[in-house]
Amino acid sequence: MARILNIVYFAWVKERLGKGHEAMEIPSDLDTISDLVELLSKQAPEYKSVFADLTKLRFALDQEFTSIDASINSAEELAIFPPVTGG
Amino acid sequence: MARILNIVYFAWVKERLGKGHEAMEIPSDLDTISDLVELLSKQAPEYKSVFADLTKLRFALDQEFTSIDASINSAEELAIFPPVTGG
Amino acid sequence: MIKVEVYADDFDAGFEISKLSALGCGAVASFIGLVRGDGDVEALELEHYPVMTQKALRDIAETANGRWPLHGITIVHRVGKMSLGEQIVLVCTCSDHRSAALDSCSYIMDRLKTGAPFWKKQWFKDGRSEWVEERQSDLDAKGRW
Amino acid sequence: MIKVEVYADDFDAGFEISKLSALGCGAVASFIGLVRGDGDVEALELEHYPVMTQKALRDIAETANGRWPLHGITIVHRVGKMSLGEQIVLVCTCSDHRSAALDSCSYIMDRLKTGAPFWKKQWFKDGRSEWVEERQSDLDAKGRW
């Protein structure tokens, strides 16, 4: 059964994609964040451009920092953003 | 020629000597703070008692911390006090 | 007592610090980060990930609380656009011991720089804007704990 | 900008901190030491060596100023008798960099504990009083710089 994942973007990722969030239907055989990023990169050139250098991106699943190799499993929200620079 | 040295005391040194300062005529052959402490200890029992454990005392000459072995030279003021405990 | 606040308005650092001073411990340390005029910067904009921010800051505060004997921790972080000289963040800790207060305050700031979902954009006098990049010195600072 | 003040009255820490915040640097660190109720202590009395105090505090501030890139240092130290919870000392430093501000603030406190002519007497609830003894942890803290 396909799942719906909420994807949120921040900072220049949000600006360059022109949106802060989207809901996406995830194929049942999709495993990691990396797989999802690959899938998105094939969908449209702006994804391909934003995801071109993965060393510049960080990820959180259900509001916990994680690595691109993490399995999405039953997470409800994936966040994609540049390294944080607060404080 | 004999010099006059102003001696100031603080904290329990002052309390136990019953005075915060005194002017003392220093013999011309007196060299270090240690010599002076020895001289005072002979003068009266309260000095002897206060100076009994020299590890518990600290010294300043003309408002600069110094050691008991320092020469008094032409200093105008000697301070004798316990280790500092500010802040 | 852990207090974590994230909002757009300016805060009264003195008031926040005095509230921790009133807890009866002997040592209160604080750090305030402000917008500094690097080059032609005239404003800073802070974006964050609201659902995650509170949680991330609270986790950092709780880790500090487990590492040092603290009586209180206050973290206030602003978001939105701020002009030169404005306050961005306050971290304040109190303890019976000065080293616990000072070290935990440093620790929280170092962790916050790399572990809370905030992103800074610099606005320049000529109207340009630029996202601030991750700094190696911040990663190094986090690494020392 | 080095400011060193020693007096009997209480001080407004928030006001002092805000004056350094107004200098335009990005990082302001501060430490406040307060009278803590150790055991049956109900008040603290601070004696000092007036002619020497200003000089010793200024020397410490100037050494910090030479070691870190600071824009301002404020040291306020009270003397006389203070009740539980009252402020004793404030050290505040500002810099362009948070580690310089925080480290110099720690440094000044550590130096002040062992290198400025202040003596603390504790007053207890039963009327007794006792001079506070030098603490090995303060000597160790000074030694790490």
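Just so it is clear, A, B, C and D label the chains in written order, and each chain counts residues from 1 on its own.
Going forward, a residue touches a chain if its C-beta (ideal position, glycine included) is under 8 Å from a C-beta of that chain, and two chains touch if they have at least 3 such contacts.
Quick caveat: nothing in here was measured; it's all calculated off a predicted structure.
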item: Shortest contact path, chain A to chain C, counted in steps; value: 1
item: Touching both chain B and chain D (chains); value: none
item: Inter-chain centre distance, chain A versus chain D - centres from mean C-alpha coordinates, in Å; value: 49
item: Approximate Å spacing (C-alpha centroids) for the pair chain A, chain B; value: 74
item: Centre-to-centre distance between chain D and chain C (centres being mean Cα positions), rounded to whole Å; value: 23
item: Per-residue multi-chain contacts in chain C, two or more chains; value: 33, 98, 109
item: Set of chain A residues in contact with two or more other chains; value: 87
item: Contacting chain pairs - touch in the sense defined above; value: A-C, B-D, C-D
item: Residues of chain D defined as touching chain B within the complex; value: 33, 46-49, 51-52, 55-56, 77, 88-89, 109, 112-121, 131-135, 138
item: Chain D contact footprint on chain B (complex, rising order); value: 8, 10-12, 14, 60, 63, 65, 77, 79, 81-87
item: Residues of chain D defined as touching chain C within the complex; value: 12-15, 17-18, 21-22, 24-37, 84-85, 87, 96, 98-99, 101-103, 105-106, 109, 141
